[in-house]
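Here chain A shows up in two complexes: once beside chain B, once beside chain C.
And then the complex of A and B:
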């Protein structure tokens, strides 16, 4: 541990480690603070699915370079080693409470590019740690950020008894970021809902479809609960995520009820938990300008982009480069512009082109359609024909909305009562609908 | 007082992040309530997805 660093990075997840990599490769001294003893020991629920490797996403093209075992972002020129397993996923099956199904992707695997890659986050973190160790980054594990003080040209980051001095700080402390709270960002953000999550790895799960993502919306004690079943990268384990926006749902009990429920019992008959995780997220609208007091916010700390960590990787890397350039600007005494350029990219490409309202719609289905019967009807109508292959939530929501619009005349004839429900909610933002329902 | 039931806690860190008084910390991969800082607002009890934080009424 040094007395002073150029940059202190808070959080050794994908965003923090890639920010450290960008800075270290430019010759700067970096400390990374991580509260866990082993940054690679994942304890928080995570989808562990990277998406989508078949289209532009966040302004880049992500892919896995199998020859050299590297994850690559062609536009940003970012690549880093990943030696773990990768599984290609081709379809997404979405079930309603009454088991009506909508499908993204036609099921013919070899004819389409995968919609997501399942990976192993433990290995990803281990590989990144090994990669940046060569660049002389000090990773301080078991070191929890507690406070921050601002002096002229210096920020002191406190971690219990320890103190880290640096010119800049990168906050990569994830969802519910304490640094974001400290800097007062949340007073200008909109709090939309809380996401309560429990997940587990399961063995012996009998999937209705192989190499596919399976999601379902169901109700437990009349409260909407969402199920995500994601194949793990290696072997036959699955990552089973149960989440709800409703406070007070006992998710442990929900697991038992769902796995024994007649609709799902065949899938879970021989299923056994091998590892458990949890997460809670206060969902806020994204931060618009993520730089303040020489602290740059990257990844989920600044914008909730759940279910994939491409956003964390890209913002970490680009944010790290921006701070590296800012340090050079200071050294050379030239007009600063790197951070402003990064903030423009964050706002115009990362935030505005990937509207968090669309992303929220995936969790808003139960609120928009309000009753199980309506969800079943809509899924039944829309599921007649499969959708293009995607797990990109922004694109999926656009596709669903488009088809629903085109079915309006039929709904008007068949079920004017349901049309009325839809007319009442489709003109609203998902955040408004959730806000109204959840406040009741 | 509020304490964390470590037999249930999955160490996701949610309560640490959401505690308004930064009264919860992670030491050696275990989650603890710093009793001197805790104001018993019970936000941790409300947000924990597995019910690990427990509030016990203080004896009057």
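And then the complex of A and C:
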């Protein structure tokens, strides 16, 4: 441990580690604080071991360089080794409560680019830790951030008994960021809902579709529950995630009921849990200005729930470079610009081009269409034809909205009652609809 | 049969090497072609300095990481190993013929600031080439030296390159063959560019110079030749060694005469050279064109000096090479997955916004225009005699012109009073460079093909 660092990074997830990489590569001293004893051990439910290799997302395009086993982001020129397994996924199937299906991607495996690459997050973290290992980086595992004190030119980050002095702090402690909460930045954000999550890795799952992302919206005791089934990178294990925005749903009981439910029973007949996780996440509107008092918020810490892995990686990397440039600006005594440029990028790319309301719509489907019967009807209508290949929630919502619009005349004829429901909800923000329903 | 690649790069200078590294790391199949048989050998005159290590250049901060022995570009997030020696350049001083000085920084001040006081960094380009070549090969790039590319054929979905009896096919081609780029000429990129003049240069690595400051960049100007002549002295990263270049835009100047003025005739400069020993002689001849505004067509993307007004300096060449390689990596992905292209368009937009607009080539040329505007020795001696305060430490042609402009504004009242006629000459600086340098352009006619 050094007496003083240039930067303290809080959180050793993808965002924090890439920020550390950016700084260390430029010769700056970095302390990375991680609450967990083992940064590579995944201890909570996480669906985002997926990266999109078939489209631009947050202004960059991801690509797995199989020859050299590297993850590459062509626009920002970022690449780093990933030695673990990967699996290409080609479709996204979305089921309604009555098992009506919408599909993203037309399903021609190998002929089209995959919509997602499933990777192993443990290996990713291990590889990143190896990649950044050098004299400039101290990764302090089992070090839980507790407090921050601001002095002239120095921030002291306290973690229990330990204290880290540095010029800048990068907060990459994810959704529910304690740094963001302690600094009071959440008071300007809108709290929309809580996300209650349970997940498990399962073996023996019989998927209705191979190499696909499977999601379903269903109801447990009349409360909306979402299922995500994601193939793991290695072997035939799947990551099964059950989530809800409703407090008071017993997700453990829900697991048993869903897996025995006639609709899904065939899938889960031989399924066995190998590992279990849980999470509770607060869904806030994103932070608009992620830099204040020499603290930069990157990754999910400043986002609406999450930026997906690609977004977390890019903001970590770019945020780290911005702080490196700021340190250089100070050293040279020149007009600062790098952090302002980063904030512009964040604002233009994340806040303006990717609207968090679109992101929320994916969790809002049950609330917007309100009743199982309506969801079934809409899915049935829209599912006739597959959608372009994507699992990017922002783009998917745009595609769904576009098709729904074109089906309006038909709905008006067939089901004027449903049109009324849609007219009522589609004019509202997803956050408002969710908020209203959840308050009740 | 031509071998097929995602990307063919012509030219293994700083720009081509960094394009190759970026594309190779992104997993592209890349071949890098170089005319010279030994890529690591430098066979023409080059100042071998990184410009502007004390300020932004092309919106990036370039620096030497002394501890890690690497050269880094913070904003673009790339760096590469350089294990050779370096020498900081702590100021840039321009001398008028009689020895009056226009100082960009005072070394006695900047030295106190250590590395952050340096305006530029001298390195050994042959070592830099070796280091970059190693990284490029590690990134999976195939390197072919001794290939003098003579033909380029753009097709709908690929581009074919031939030379030295061999042929290569790529989905894309990056032309990084520098100033006087043959690819740019063959592919028609030079149409519509303004020809200003040549930049003719001869010089040598020298030892035992007796300089006022051994750790700064020095320039001198002479009028004693049929056309203005320039001298640049660059520190070299070896004790007591410098690189001395004599330059002219206009072939009438006669570089031998330029050299003789500084080394044997001028009472001010000749003492610097009294004991000088030349260790290696080098030369170069370049065209000065206005920059290419659209650096992409027919699957050919220009990087580095290839599309620039004379040169982007090594710093700019490296940045544009890295970005060009990344842009092609994006383009190859786009093609493979069948989505709308934007990687190359983003590069072109960056080129226009960062280079064409923010670093106007006219400003770059003004650095050579001073003796064409103030057309007598006496004018320049007088102007420099008025400079009482040092200008900000700077080794960046675009920024330097800005500093000179500010200085002039302060001097105008004095000049108006003392030499009103000179003001009219100075006013010429506001004219387009094609007019200011018309005399040099005429001096280059009839234009010859430089091989």
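Here is the rule we use: the second predicted complex is superposed on the first by the 431 of 440 C-alpha atoms of A that agree within 3 Å, B and C clash if a C-alpha of one lies under 4 Å from a C-alpha of the other, contacts with A are read in each partner's own complex, and residues count from 1 in each chain.
The criterion applied here is as follows: contacts are C-beta pairs under 8 Å (C-beta built on N, C-alpha and C of every residue); 3 or more make two chains touch, one makes a residue touch a chain.
Not measured: the values here are computed from a predicted model.
Trainee: Chain A superposed: clash or fit between chain B and chain C?
Mentor: Verdict on chain A: chain B and chain C fit.
Trainee: Considering only touches as defined above, state whether A:280 meets chain B (first), chain C (second), both or neither.
Mentor: first
Trainee: Once the two complexes are overlaid, how big is the angle at chain A between chain B and chain C (Cα centres, nearest 10°)?
Mentor: With chain A as the vertex, chain B and chain C sit 130 degrees apart.
Trainee: So, A:1: does it touch chain B (first), chain C (second), both, or neither?
Mentor: So A:1 meets neither chain B nor chain C here.
Trainee: Using the superposition on chain A described above, determine whether A:44 touches chain B (first), chain C (second), both, or neither.
Mentor: So A:44 only meets chain B here.
Trainee: Going by the contact rule set out at the top, does A:332 touch chain B (first), chain C (second), both, or neither?
Mentor: In the superposed model, A:332 contacts chain C only, not chain B.
Trainee: Could you look at A:55 and tell me whether it touches chain B, chain C, both or neither (first, second, both, neither)?
Mentor: In the superposed model, A:55 contacts chain C only, not chain B.
Trainee: Rounded to whole Å, what minimum CA distance do you find between chain B and chain C in the overlaid structures?
Mentor: Minimum over all C-alpha pairs of chain B and chain C: 32 Å.
Trainee: State the interface residues of chain C toward chain A in the complex, per the touch definition above.
Mentor: For this pair, the touching residues of chain C are 22, 25-27, 54-56, 61, 63, 65, 67-68, 72, 74-79, 116, 139-140, 322-323, 325-327, 329-330, 333-334, 336-339, 342-343, 346.
Trainee: Considering the complex alone, what residue numbers of chain A touch chain C?
Mentor: Residues of chain A touching chain C: 22, 25-27, 53-56, 61, 63, 65-68, 70, 72, 74-79, 112-113, 317, 321, 324-325, 328-329, 331-334, 337-338.
Trainee: Considering only the defined contacts, which chain A positions touch chain B in the complex?
Mentor: 35-38, 41, 43-45, 142, 144, 146-147, 160, 173-178, 194, 196-198, 247, 250-252, 276-282
Trainee: Where on chain B does chain A make contact in their complex?
Mentor: 10-18, 22, 25-29, 46-51
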